[in-house]
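You will see subunit A twice below: alongside subunit B first, and alongside subunit C after that.
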Partner chain A sequence: METTDLSPHISSRFNDDLEAVRASLLRMGGLVEAQLKKCLATLSEADSVLAAEVVRDDEQVNRMEVEIDEACLRILATRAPAAGDLRLIVAIIKAITDLERVGDEARKIAHISLRLATLERPADRYREVRHLGRLVEDMVHEALDAFARMDAEAALRVPQLDRQVDEEYESIQRQCVTFMMEDPRQVRRMLDITWAARALERVGDHAKNIAEYVIYMVHGQDVRHTRPEEVELRLRGRGGARES
Partner chain B sequence: METTDLSPHISSRFNDDLEAVRASLLRMGGLVEAQLKKCLATLSEADSVLAAEVVRDDEQVNRMEVEIDEACLRILATRAPAAGDLRLIVAIIKAITDLERVGDEARKIAHISLRLATLERPADRYREVRHLGRLVEDMVHEALDAFARMDAEAALRVPQLDRQVDEEYESIQRQCVTFMMEDPRQVRRMLDITWAARALERVGDHAKNIAEYVIYMVHGQDVRHTRPEEVELRLRGRGGARES
Partner chain C sequence: MLRIWVLAATWLVATIAIGLSAGLAVGRPWLGLCLALSLHLAWQLTRLYRLDHWLRHRGFMDPPVLRGVWDDVVTQIARIHRRKRHHKQRLATVLRELRESTNAMPDGVVALNAHGEIAWFNRMAAQLLHLQGRRDIGIRISNLVRQPAFARHLEGGDGTAPLTLQVSAQPETWLSLHVLPYGEGRRLLLIRDVTRQTRLETMRKDFVANASHELRSPLTVISGYLEMLATDPTLDAAHAQPLAEMRRQADRMAAIIGDLLVLSRLEAKDEQPEGEPVDVGAMLALLRKDVLARPQHPALVTLAIETQDQLKGDELELNSALANLVDNAAKYTPADGHIGIRWWSDAEGAHCSVTDTGPGIPSSAIPRLTERFYRVDAGRSRATGGSGLGLAIVKHVLQRHGGRLEIASTEGRGSTFTCHFPPERVLAAERRA
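Take a look at the complex of A and B:
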């Protein structure tokens, strides 16, 4: 969009700096993905060591957020990037906030798992939550993958997955209400399952946000608050041309 | 921090641009505050007209987010701001995301209120939630006020309020669990109250985030993931000097 290039500072060092923050974001993403996998594992089998790891990882995720943020600010201040480079930096600044919040949700789930572990474990009660977890893991993975490859087509698939997540989440909710009404002794457990499902649903939202930044980064179009079909139409209308 | 000024473009038009996005953020904040007030009012008395207004406001809030974001990008691309100006722009980019999410939570609460309105209304059952709502309203107001006046001292008070919010939220949670266990017919209603309280608690988190951006903007220090006392100590250690 902005084609005026006001910065005479483009240099290989500039590209190195950009590449470095991009790599940091992907490293942070990898850590968050691992966190998510671990917290879902604690749901299948109570593992306080693994849960403690999720909490420890979260501290590192938080530190990475601050570091990447500072690196982006430094680039903005000293290199005055324009056009696509500027969009990349702003997309990174936004994406790390979402990644950090995914880390927070993973930590919440790990806490819930430990609490659930003190209760009698139902044969397969958490199966639905684990299924939801896998869906959400896929979303995060696809969003980060799209970011890594600056692939707007791949990013477009993420909001579509989000619908499936929402349906799955609603169904878990309904089930939990039924169980609670049938047996009040199940209230605490069911509430915890509800919270875990809610946390996963929010992880899906963050993955969707990250995918939207990828589209914005590649096409320079803000697609937030727009229905997936409309976004697709709008982008295809441009002949699917991809800038990079 | 960064004192190198690479931009020869500082002009009164630049200041006008900065002032314009700052004013837009405050206008967006005002709209979100009104939304919050309305959604809390729908909780005291079911008012489907008011609830519909909250939803409509949310669409405007979403549009404002995209517009302000674009204005910030334009400033970054064409004016290459440095130091404090750059921090202001980045703080605005981050703060509008939080404001937009407050709008989302307000919308959720309005939906819940309408659902609760179809049930028999208890004499004072929602009193605690309304109290929590007032606390959270204060937090949002103080955070925006601190932003308007670039007042880091005022911003420091917001995370302290968040603790009160968390306590209030936990207490509502515990109450709801007790009611559900005592009377399974209350499960749906109590779950809705729990969700409303949860939404309010998240609004408090967003207010805290905005307050942290104010501190960052004024002092150039990132205070996320830092305990309030530590932040205060760290800033006071600098003799409370305030840059603007």
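Take a look at the complex of A and C:
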């Protein structure tokens, strides 16, 4: 079930359709990844050209969401897929929503970065936020890689990364509050930094969702709202039962 | 060795003969024959059973002793099998060696099938693109390398220029990806780690840009004071000549710095400018006027605008490129010479040429003409006050517009510089209307 080839179908056209829609999803993912990278660069380099690109890319991401949605519906309506194929389509429909949200968050970060750019930049160029950004970027990348490979093992690692992201976000928040209390003139900037960190944390959540869809797609198990350890236990248990 | 079937037939005939003669001896020939044949058949069947058992279960190891024709059959089978195994081993060795040698390659190689799916890759490719062993065989490469630029490159893939990009997994690594078509729709992807070169290149570009920028401010101060001194009436007349020379040199330095800045800006933007329609004809007419406004200019400057087509591109950049060409022509053409400017379009795109009747360029120098600070002969460009960067700028602008520069020249008779622009950059006059 973990193989990437989508089981032989009587109609190879069907297979092609499924492959095509998965490829478009990953293509959209690539665009969102690039967007995320650009918006983080906007933060550290205060580059308004990059910020404009993030906004422009977001329009394309939105367009792709609609297109992929339509393609999925067409497959559902005309081919009536079952089992693994159905799960793939459902996972794609869900994943595009999350990707589109990631795009929106990236756009938000680009806006905040431009606003921050008008203020004097601190010497560390927002190191904490950049670190958080790097973590989140990794999460999105891993989740999409897992999607491309139908790799549930790799998908399991993503929720674990999400914990790290949450901790990092907490610490940025605490730090900002401390700064605000020390120097009220910094409140505006600190609020913006908190917003940027918050947006990144949300991106991490979306990446986690995508990873969960991968697990659903491969194992047919809904693992939402479950602690990572439990998920692992459940899947391991299944694997063990199958072996014996 | 006799043929197996001959041997088997002989055995059969012998059996029949023995059976018949034994039967005749007891007066029941048919019974004798039947008994003999049954025995023969039973014996053969047991042999067949053992042969079948051996073929099925023993995997061609230790052949059974079956006697008679069956031994020959077994030997034949064993020999064929040995030969096959030998071939297989040889092929496997060749394959292993091939794999080991490709793994030793310093570049990554990924073979893609007609659907863009990974068919095979070497160890370096796995390392650079983070591919995972057998698992990634059969996955579309664009699903794993998701950069939008790569997808565009793969689709447009005529495999001309390599693409340099950062891989998300390792943000500090720059890879150069080159797609080469082979076979029917198959493609080979060559991957090279160019982090070091890219970093050096960036450092060089940054250095040139920063150095030129830093040099500009002190030069402005110097030029300012020189200008003040030149207009100072109390100054000794003997200083007028050196002051004028100083001002000239300061201007030249400013021109060089300006050109360096233009070049570094052109290099910094790697994407082609998006198409704003530019009226090249009008631009050339203005440039011609500029030449005629000079205190010393060639007697004849002709302009032939043969098309109303416009060009999609960056107006400032195109202007600086064409101005450089016209300026060069004006500088090198004597007062009784002729400059011809022509703008035309055809199926291959739009073209703009500048022809002069200057001293010409030796053919050995033509390929190097667009290098920075290249001089055909040491005296030439200094005497005319050029920066030595003009043609480098032209080349860069044309590259960014998908075009190319063609230089033709005969020594002593003059030169022609032609800019070729691709058809997709041309905005035809009728479509505009």
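Following the convention adopted for this analysis, the second predicted complex is superposed on the first by the 228 of 244 C-alpha atoms of A that agree within 3 Å, B and C clash if a C-alpha of one lies under 4 Å from a C-alpha of the other, contacts with A are read in each partner's own complex, and residues count from 1 in each chain.
FYI, contacts are C-beta pairs under 8 Å (C-beta built on N, C-alpha and C of every residue); 3 or more make two chains touch, one makes a residue touch a chain.
Keep in mind that this is a model prediction, so the values were computed, not measured.
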TODO: Judging by the criteria at the top, classify the pair subunit B and subunit C on subunit A as clash or fit.
DONE: fit
Open item on the list: Contacts for A:27 in the overlay, against subunit B (first) and subunit C (second): which applies, first, second, both or neither?
Closed with: second
TODO: Pick one for A:105: touches subunit B only (first), subunit C only (second), both, or neither.
DONE: neither
Open item on the list: Output check: A:168 vs subunit B and subunit C. Expected answer is one of first, second, both, neither. What do you get?
Closed with: neither
Task: Three-chain overlay, vertex subunit A: subunit B-subunit C angle, C-alpha, nearest 10 degrees - done: 140
Task: Residue contacts with subunit A in the superposition, subunit B compared against subunit C - done: B
Open item on the list: Quick check on the superposed pair: does A:19 touch subunit B, subunit C, both, or neither? Answer first, second, both or neither.
Closed with: second
Open item on the list: Output check: A:144 vs subunit B and subunit C. Expected answer is one of first, second, both, neither. What do you get?
Closed with: second
Task: After fitting on chain A: smallest Cα gap, subunit B-subunit C, Å - done: 22
Open item on the list: Shared contact residues on subunit A, subunit B side and subunit C side combined as an intersection?
Closed with: 4
Task: Complex contact set, residues of subunit A against subunit C - done: 4-5, 19, 22-23, 26-27, 29-31, 33-34, 37, 134, 137-138, 141, 144-145, 148-149, 151
Task: Residue numbers on subunit B that touch subunit A, as the complex places them - done: 2, 4, 6-7, 9, 59, 62-63, 65-66, 69-70, 73-74, 76-78, 80, 82-83, 86-87, 90, 93-94, 97, 177, 180-182, 184-185, 187-188, 191, 194, 222, 224-225
Task: Parts of subunit C lying in touch with subunit A, wherever the complex brings them together - done: 115, 130, 132, 135-136, 138-140, 142-144, 146-148, 150-151, 166, 168-169, 171
